[in-house]
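Shared chain: subunit A. Partners: subunit B in the first complex, subunit C in the second.
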Partner chain A sequence: MQSAKIRAALLASPPIILIALFVGLPVVSAVLYTFGHTGGMNSVVAQIAQHQYVADHWWGTVGAYRNVFATGSFWHSLLDTVLVTVCATALVLVLGGGVALYLRLSGGWLSKVVSLLAVVPLFIPVVIASYAILVFYAPDGFVGSVCQLLGWPDAPVLSYTMVGVTIGQVWVNLPLGVLLLSSAFTSVPDVLIDAARDAGAPMTRVIRSVLLPMSALPAVIVATFTAISVLGSFTVPFLIGPSAPNMLGPEMANTFGPFNQPQQAEVMAVVVFLLAVGAGVYYVRANFRASKRSGASR
Partner chain B sequence: MTGQWARRWARWCLHATAGLGLVVFTLFVLGPLIWLILRGFAGSWTFPALLPDHWSLRWWQQVFSDSSLAGSIQLSLTFAPVVTVVSALICLPAAYAFARFEFPGRRTLLISLFATNAFPKTGLYVSIAALYYTLHLMGTFLGVVIIQLLGTVVFMTWIPAAAFAAVPRSLEEAARDVGAGAPRVFFRVTLPIVAPAILVAMILSFLSSFDEAQGTFMVGVPNYVTMPTEMYTLVLNYPEQAAAVFAILLTIPSVLLLALVRRHIMGGRLAEGFQLR
Partner chain C sequence: MTFRNGALAALVVLPTVCLALAGCGGAPTTGNSGGQTVTVYVSGDTNVKDLWQKTLIPGFQQAQPQYSVKMAFSEHGVNDVTTLAKLGAAVKTNSDPGEDLIDGDFTQAATSGWTEKVSTANVANLKNVDPKLLLPVEGGSVPYRASAVVLAYDSKTVADPPTTLDALLAWIKANPGKFTYNSPATGGSGLSFVTTVLDKYVPATDRDKMVSGYDPALNGDWDQGLRTLKDLGPSIYQHVYPNGNQNVLNLLAKGQVSIAPVWSDQALSSLASGLLPPTVKLAQISDPSFTGGPAYLTIPKTATHKAGALALANWVLEPAQQAAVAKAMSGFPVIPISQLPADVQGHFAGTDPNTLRPPYSDQTGADLNRLWQQNVPG
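== the complex of A and B ==
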């Protein structure tokens, strides 16, 4: 039995080793670098970096953090990042949930078309999607043209704004929401819905008291994955958003590239990481609670 | 009588709202793509017309005659299958182990794979660059494969793991009872049941690799410029129509794959993978 366990652990190890080496190690080294540890793996980047803070205690220095936190543009970007994340996540839940409900409660060819539409973004490369959305909502794009034809030439332009970025994020993250939520709704047996209907409950009540409570865990999963993907996104805000201030993703790339301040860029990465971990903890806890419950009922 | 009218009116309103919602939804999802495709075939276009003044294939010729663009298409179609196969080789045995065996730290490890998504890619790539210089992976084929591999591990482990866990043990035991050996049971009973989930995972990995631009740009340039990396340059430097043509080309494989696996993806294979057990 002991040897079987060891064999299983060995089978499971290749992806773990890959992630440990190419994600774990770089992340640890990046965090050390933000505290001014410029040796080891960080020595190459530390040679060219500007405005670098080098450790002056055994544990390091918070100079880089102080430097980043003292700039107004960082807080502006952070606020933009959090706002876009919250709005996009809420919209994905509402829109994805709405589509999933529609798919659950109605059949026929129309719902097939809708289900196909909803997964399209999963298959379109994000670069293409972002570019297409940018052009679509541009002043000379479809939306601009329609507004012009309707006699509304001063219609607000969404390209190069944070609203446009939010639209892009919803577009990119919608399929996961629809897929997870519709699978959750499908797993609710027809018997439950019919029973509630027979007892005289109107459809709104069925949705509120039967379908929604039974899809709480998938909703948490959708929210977490959307939030984390939006927090760390680069392409969508880089292409659709304003040049500055933008979300922290492009801001990080600018700080690293054109401004040549990798230490400050990594400080921003750590801030985003902490936000993502916050969302991730929620996901893990929800999963644990759910599996404990199903374990108890077995 | 009035009650019936009111009910009919309410139903009409409901249908109208649903219809309007459907139109807006279609426009939201497909509008940008259709608009982009129109651009790719436009000879000239006067604002605010909703269609080009005349059509042209000029930009297609331009893209195909540009050797760097054609080369990037070929590179993308090389990397994506390689990454998918390597990812399957690394992750599928692990998925089986996670699903079938209880070993210390199983859940923690399963969740830790998720950490790849939590640290922002931009920050990660800055730091990976240092590691790549140390390991002499900068600008190499292997380096690009590894960078693209990182984005596939989560799908390739989670989705098949959920499928392996869902195979009824009684089926395997029944096969064993009638005398089938372990390999035969695996290939004739277990594998056919999990095959759709593995297919979904492989398609998602292919797309993720095909789509990866930021890391490939940092690690691969100037030796390996794939289609999505080229797309950044195109968007920023070329006329809009050339970018549109390139975008259409980049979307073709994805649409073919969509047609292939839509049924399995909608069937909940993907959804199951995201519920940790």
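== the complex of A and C ==
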């Protein structure tokens, strides 16, 4: 029994060692740096950083946090990040759920084409897609030209706006939503749907009382993964978004490199991490409940 | 059965541990003993990448076949800060930084004493280079080409281009949506425009300190200039500042904007290749002029293949290579222009390699990037 446990621990250890070395250690060191601990692994970055706050107590200093939180542009970026995350996640759930439902309930060739189209973004690199979206909605792009032809020369331009960024985020995250939700809907047995129909339930009632409740866990997974990936995204807002305020991804990259303030950049990273943890809690809780219900939890 | 599982576990664990250890402290691998592989870190826009990939590297390998050259490219210099940190760490621990030669703005490394000092003793061809160019880097880097930011305008729509900064600012306000510059953090041409507008209000003595060193107390001199830039916001194309020098050139080529600050070398080569229409003309403004300066080759103090790096730096300073740089990317030569062939001398019409106004130091520039981002857009 004892040796089996050790074997299991050994088998699980490679990923744990890898994560501890290449993710855990740098994270700990970065968090220490945000509190002004500039020695050890942080000595090199501290050597060239500007506007750095060095620890003045044994536990450090909150100077860097105070510095970041006192900047108006940080709060603008944070607000934009949260808004885009909430909107993109809601849109992915609604659109992905819609496509998946259509596929589950109609099953014709048209629904297959739609679901296939929804997965296409999976095979297009994000950089290319972002640039394409930027050009598509530019004043001289497709949308602008069509509006011009229809006699609407002052049509709003979505390139370089947060609306454009949200469209980009939905484009990137929709495939995962469609794939997960359609597999969830497919796993609901036909018998349940037929039983509800036989009892006289209209289709809306079937969706509301059978399909949706039975797909709650995948929906939470889609929402969490979308939210976390949008929170930390860089390419989409960097290419499509405005110069400022933009999402925290480009803001962090700017602060780290061109502004030469790695400490402040890492403070922002801590904030994004806390937001992502907030989203992750739902995922863990939903998973835990689901496994408890199925009796697998020990 | 037990044995098999144990062996399986070991099989899985071992490579991972080896991988992790290799990542932590692998010894630098040297090329074969006969020749040397020189690693060049190139930072900049695609034109600089092309210069190395298509002209300098093949030329050098042919001229001095005992060396081969490997390139690491950092677009828009996004990895510069990381590379600088790596270089500092390598010098501190006396180990190989990974690069033997750096083409990019690493003045801070040179003035921190992390780089090989250069002189005619180890780079003979420096005898043709103006010694003044070595002052900003305290002799720690080899100047090998220069460029300046100039005003590009479409002569089709702008008959009478502004010739001073004040006239340019007035023109921008009078023609909303017809001017743009890239955000200063993403490219030197936008940075130069921002620097030039700010300089309008910076006292000359303070500016000297901003160029040669770093004093955050002077940042207050920029307040008025930043307000001027903010006021321009509604007149900028789409109220947005593109990322990178190339995007500004693209807007100019498509006729979306009529005037923009651009790098002389990038604009001249785009004109030569037809990426910019021939109606686009270049001119310098005055009071103050846009900034410009030399680009440097830097050799880390602890580089493994120093001999090859020095040979490459020396070779680039030969008249033939200076002419090739001028032809390939319209870079200004750092040796007297009279040493170049006549057809290359005629290449620089409309720009003046001699009136280069130096940009701010790296650290001052980092503060400028931040204050611009916080105060100007949005």
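Worth pointing out:
To be clear about the criterion, the second predicted complex is superposed on the first by the 295 of 298 C-alpha atoms of A that agree within 3 Å, B and C clash if a C-alpha of one lies under 4 Å from a C-alpha of the other, contacts with A are read in each partner's own complex, and residues count from 1 in each chain.
Rule of thumb we're sticking to: a contact is a pair of C-beta atoms (placed from the backbone, for glycine too) under 8 Å apart; a residue touches a chain by one contact, two chains touch by 3 or more.
This one's a predicted model, so the numbers in the text were calculated from it and none came from an experiment.
Within the superposed three-chain model, A:Y160 lies in touch with subunit C and out of touch with subunit B [touch as defined at top].
Once chain A of one complex is fitted onto chain A of the other, the partner contacts of A:P14 extend to both subunit B and subunit C. When the shared chain is aligned, subunit B comes close enough to touch A:V126, but subunit C does not. Touch criterion met: A:S183 reaches subunit B, while subunit C stays clear of it.
Look at A:G24: by the touch rule set out above, it reaches subunit B but stays clear of subunit C.
Of the two partner chains, subunit C is the only one touched by A:P258; subunit B is not.
By the touch criterion defined above, A:G144 reaches subunit B but does not reach subunit C. Once the two complexes are laid over each other on the shared chain, residue contacts for A:V277 go to subunit B alone; subunit C is not touched. Once the two structures are superposed, subunit B and subunit C can be ranked by residues of subunit A touched, with B on top. In the overlay built on the shared chain, the residue A:V45 is in contact with subunit B and with subunit C.
Residues 11, 13-14, 18, 22, 44-45, 140, 239, 253, 256, 262 of subunit A contact both subunit B in one complex and subunit C in the other. Against subunit A, in their complex, subunit B makes its touches with residues 18, 21-22, 25-26, 28-33, 35-36, 39, 47-50, 90-91, 93-94, 96-98, 100-104, 106, 109, 111-124, 126-131, 133-134, 146, 149-150, 153, 156-157, 207, 210-211, 213-214, 228, 231-232, 235, 240, 243-244, 247, 250-251, 254-255, 257-258, 262, 265-266, 268, 270-272, 274-277.
Taken in their complex, subunit A has these residues touching subunit C: 3, 7, 10-11, 13-14, 17-18, 21-22, 44-45, 47-48, 50-51, 71-73, 76, 139-140, 157, 159-160, 238-239, 242-245, 253-262.
Contacts from subunit C toward subunit A in the complex involve residues 2, 5-6, 8-10, 12-13, 16-17, 19-20, 23-24, 78, 80-82, 84-86, 88-89, 92, 108, 183-186, 216, 238-241, 243, 254, 256, 362-363, 366-367, 369-370, 373-374, 376-378.
Those residues of subunit A lying in contact with subunit B across their complex are 4-6, 8-9, 11-16, 18-19, 22-27, 29-30, 33, 41-45, 98-99, 102, 110, 114-129, 131-133, 135-137, 140-142, 144-146, 148-149, 171, 174, 176, 179-180, 182-184, 186, 217-218, 221, 225, 228-229, 231-232, 234-235, 239, 248-249, 252-253, 256, 262, 265-266, 268-270, 272-273, 276-277, 280, 284, 287, 290-291.
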